[in-house]
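Heads up: the structure comes next, in structure tokens.
Chain naming follows the written order as A, B, C and D, and within any one chain the residues start at number 1.
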Amino acid sequence: MSKKIPVGILAATGSVGQRFIEHLVDHPWFEIAALTGSERTAGRPYAEGVNWLLQGDPPQKIADMIVQPTEPNLDVPIVFSALPSEQAREVEPKFAEAGYIVLTNASPYRMDPYVPLLIPEVNPDHTGIIPYQQEAYGWKGYIVANANCSTTSIVLPLKVLKEAYGLKSAVVVTLQAVSGAGYPGVPSLDIMDNIIPYIGGEDGKLETEPRKLCGTFKDGKIEMADFLVSAQANRVPVIDGHLGSVSVKLGREVPVAEVVELFKAWQPSELVRKLPSMPQQVLIYRPEKDRPQPRLDRDAGNGLAWTVGGFRSCPVNDLRFLAIAHNTLRGAASGSVLNAELLLKQGYLG
Amino acid sequence: MSKKIPVGILAATGSVGQRFIEHLVDHPWFEIAALTGSERTAGRPYAEGVNWLLQGDPPQKIADMIVQPTEPNLDVPIVFSALPSEQAREVEPKFAEAGYIVLTNASPYRMDPYVPLLIPEVNPDHTGIIPYQQEAYGWKGYIVANANCSTTSIVLPLKVLKEAYGLKSAVVVTLQAVSGAGYPGVPSLDIMDNIIPYIGGEDGKLETEPRKLCGTFKDGKIEMADFLVSAQANRVPVIDGHLGSVSVKLGREVPVAEVVELFKAWQPSELVRKLPSMPQQVLIYRPEKDRPQPRLDRDAGNGLAWTVGGFRSCPVNDLRFLAIAHNTLRGAASGSVLNAELLLKQGYLG
Amino acid sequence: MSKKIPVGILAATGSVGQRFIEHLVDHPWFEIAALTGSERTAGRPYAEGVNWLLQGDPPQKIADMIVQPTEPNLDVPIVFSALPSEQAREVEPKFAEAGYIVLTNASPYRMDPYVPLLIPEVNPDHTGIIPYQQEAYGWKGYIVANANCSTTSIVLPLKVLKEAYGLKSAVVVTLQAVSGAGYPGVPSLDIMDNIIPYIGGEDGKLETEPRKLCGTFKDGKIEMADFLVSAQANRVPVIDGHLGSVSVKLGREVPVAEVVELFKAWQPSELVRKLPSMPQQVLIYRPEKDRPQPRLDRDAGNGLAWTVGGFRSCPVNDLRFLAIAHNTLRGAASGSVLNAELLLKQGYLG
Amino acid sequence: MSKKIPVGILAATGSVGQRFIEHLVDHPWFEIAALTGSERTAGRPYAEGVNWLLQGDPPQKIADMIVQPTEPNLDVPIVFSALPSEQAREVEPKFAEAGYIVLTNASPYRMDPYVPLLIPEVNPDHTGIIPYQQEAYGWKGYIVANANCSTTSIVLPLKVLKEAYGLKSAVVVTLQAVSGAGYPGVPSLDIMDNIIPYIGGEDGKLETEPRKLCGTFKDGKIEMADFLVSAQANRVPVIDGHLGSVSVKLGREVPVAEVVELFKAWQPSELVRKLPSMPQQVLIYRPEKDRPQPRLDRDAGNGLAWTVGGFRSCPVNDLRFLAIAHNTLRGAASGSVLNAELLLKQGYLG
């Protein structure tokens, strides 16, 4: 126990913060040693200030921890950030400057040229930018960012296709769960018996983040991939799990059956496969015509797996498919923890 | 009252049948004079056999009508058919042969080269095929078909764009309401907190019907339009109202602002505008980023209007937009009644 | 048109305020002449400041009206108040003092001994307390209050039973719609696939308000009825319509069939029956075992009718039944308009 | 492995059958050795015939098992029955006669005077009736029944109260999940944005089963407890988890605080506590005003725990409270497995 690395969670009482606690409370390498919160919750035991949204209660060893203000004086080398956008923009650089390793779910620095936008199965080598970040900004620590949860849902299949056949463009429509909007988030009066066909800022993220994630790290730079993405995001009355409906133009024609075999056989690199949070099967192909479905597939691989299906040729482009990932697990907290595991294996945690 | 045209409703107890009753019960030109049903309901008063799904009760003047078997011996010249597919395939030609005018919501004859697939705002001239149908099949009556409800949602905007700029292709993702599956239809255990990303046969209909609807009637033939459609249909936890998320390639480049003006100004032909069921505004443009929404827009124009919005340029194709229509009203019963009104004005009801 | 009485709506942009507009925009006696809102909306056209939650758009003649601050300097004699509780407590007496007739949906003065808690079908004579209110508080105007929306759902059947047989006690469990919590109200993450078995303050209102409503006005006082109520309120994933499941102990034993006849025959007083908003049938008995249901019955009588059913004897008490009323129409805005209509007929509008 | 007792599951492809598989697939004492199904599924591998409703896929060791017809020639001593009512009525006695031990979820024999209606935490001694059953009916095997899922939700708290203070009557309103109706079960068109305030036969079960469960086994007979129950069952748009809202009259007055202490301290008998499926805490008291909630509490203790809360005095009776149990786990499959574990410990499995 004493050998575990102590970590902090910034904005630990929010919905993503709760997912961090859920994932980290029994982690083999990391140990929760600091929780931060807003003025309302700071100074009180965690269980008193939190509106626990998950099943049951906050874990016992967390319940009595005193929530601290979100300032860079925590006694841990690593922080997981579930901060809201504006606060993240201001606070995360201060943590990095003060020497902290910041694994963030927030959006402000995702497209920063020196910040790796990291998904271990997609671009593990992008962490090579870290020393350049430290040099460019004069930081002792550094920032590593998660992708947006909707980007996450579709980017692994896009990467797999790009590697195999080349990728020219993707037309994406997402059906996104309400938990993606945080808490209190989407009012029930807005979403019951309804669809909201717009999520502020989401289309832009879906159209740029995949190009960085599928880009190339070379000579101290991450070069963006050159495919185009068109995205239309919808909020749907589903609790967890983002579904992407995708039509792609590939670099060459390829039979659907070959694509299916590609996805059935795909595995991440060996280093990534051995990370402790990695599920046995991280990319799951479902042959049924009506899968993947959010409620049935979001929790696959403890919420860390992608589930894909619906591969068909496309009358307009080359190929169509469906992809689902759990937005607050794979697309947020658990994805971030996996990033930290990768950083440790790559030697970036010192 | 005595001058109204008596009409029959085939399969009057089902969910679309009930919508027919709702629309026709106070119609200025037509009067419900016959209702048919299955063996279970035939011979009993309508109110006894029906599982009324709409608000309140069946209208009083309908409640006591005796349901008849679905056989071509009804004392009416016109029948509206809400029959299930297999039964429609068998029965509707018998009605047409026996001299009935059949306005059908069923799919079997939609793509028949002699059957007009009719939406008054889209292709009012396609009724010109009717005499050819009667000659080809030796029928005294004839069949006119409704489009599929999901096709309906998107085809008017496609037609408007095609007329103005030419249309090369459309990538369509639909989010479809559960009422589209009839009753009992979609089990709650399948759709609560979930999406079903597949509806049997729906993609094919979405990929062919718009090409017939936007086709050209010439020399006794309906020639299919030559644009391509790629469709992915999803069932979503919404009661009524199909939403289409569309990306199109046009015949030429055009500024989004011009497209918006086109849609704000569009009106159907004068003949169509004067049909009694026609709402004041049948194609509604909404400027808000997050509209149209099924619950807020499905009932516009008594459920007969299309609502469109979300016009934006597309990084991959030319233009993106959203369209909603009420699936059991515009896309089924009320659309069929409007077809009958058009036929009367065009002189096809004799 | 010029003879209509001008009225104001306090907090006109909220969810109940919108219902007021919907009901009053074409009212035969009243005309909307003033709208008030918060600092955020005051000074701007109504359509700009409102987040319109109902179908379509705000009515055209309202859209351009400038929202005013909520202060007692409006050029109307009557105001309908949709103010939140705390603001109502402070502001409504100022309006009454300044001579306004205040018809309020807010709770602070409902149980005030001088304020009539009014439902025309239940206690039209309680308006007799108005002169005593004016004298006691030295007001030129006065306050008349609506009952809580959940109280409303069940109080008419309780009153009908009390009149006929006497009423000793009622055990009530309510299943209440999310619109009862206003907007943004209940977060979707809290209520999707879930029940919240507690609504702050609601049980207390359900246990006291019916006793005032069914009480007796005599000698300048409203004497509370002496039956007991036990209430457990639940929030359920329903948009509109509160359902009450009730078990009552009556003053004497009575066969269920007799109770059913009582409810089938019941009518309000003639004065009330002739109010312009009164539906043809304001108390609807449904014989089906599985009715009333919120979605099927909430809109009966334009949302002003009660629907009851499920009358059965009770193994523990005497009688069980179900009752539904539309919470934001009957239980809020429309109920308040009906109160104003009654006041006019009774001569209290001067 | 070879020492595990082989068991069969009757109607293994249905929704409760799937829950049996989920629970039994890694059971320490039992091993699934036979699955039966309808004509449609018999003779085929389980994974082919089943419409798997739970997350992921059927367990691998089950997927290839050939489904057998439901006839008493299975090579196992024990069968768990998820049969529908009518089939259970006919088939289960044949199994018992042929020597099988039948643990049934079906209702037909629940109120049979010789069949124990068993919940280990409530009435473990009722198994004493088994030899009398065998003698009365001349069976080599026997039938042990589960309670109805809604009965289950409320009966443990009723039993705890009865033991401590005596119980005179209970007025119960249930809010029941759609999974309780099996598959396809409740149509989405009936339950979305709605409540169905009636479930056929459910009220009767709720009014009689608790009296048998809380009854006394003496002299070869189970004597019914003499309290009265009034029940009103509602179907609500919740996937899993039945909520009971209860008001009780006790044998004597008792402060609420004392009742809370009773429930916080309560434990089942030592024998029951040691059953392998027993969760660490089987009766959970939640102090929050708005708990228990179905989505947050149904899975407590692997779906085997009851969660109670909301204890308050009652203005009409003595005490009010809320109780939740998972209807297809505690109230069906897992409850039945627990019964089998108890029977083994008591020596009834031979």
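By definition in this document, a residue touches a chain if its C-beta (ideal position, glycine included) is under 8 Å from a C-beta of that chain, and two chains touch if they have at least 3 such contacts.
Model, not experiment: these values are computed from the prediction.
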Degree value of the rotation bringing chain A onto chain D, based on Cα positions, nearest 5: 180
Farthest-lying chain, centroid of Cα atoms versus that of chain D: B
Centre distance in Å when chain B and chain C are each reduced to the mean of their C-alpha atoms: 40
Centre-to-centre distance between chain B and chain A (centres being mean Cα positions), rounded to whole Å: 42
Chain C residues counted as touching two or more neighbouring chains: 192-193, 237, 239, 295-296
Residues of chain D touching chain B in the complex: 15, 53, 178-179, 183-193, 237, 239
Touch list for chain B against partner chain C, complex: 54-56, 192-193, 295-297, 299-300
Sites on chain A touched by chain B in the complex: 169-171, 173, 175, 192-198, 200, 207, 228-230, 232, 234, 236-239, 243, 245, 247, 249, 289-296, 310, 314-317, 320, 322
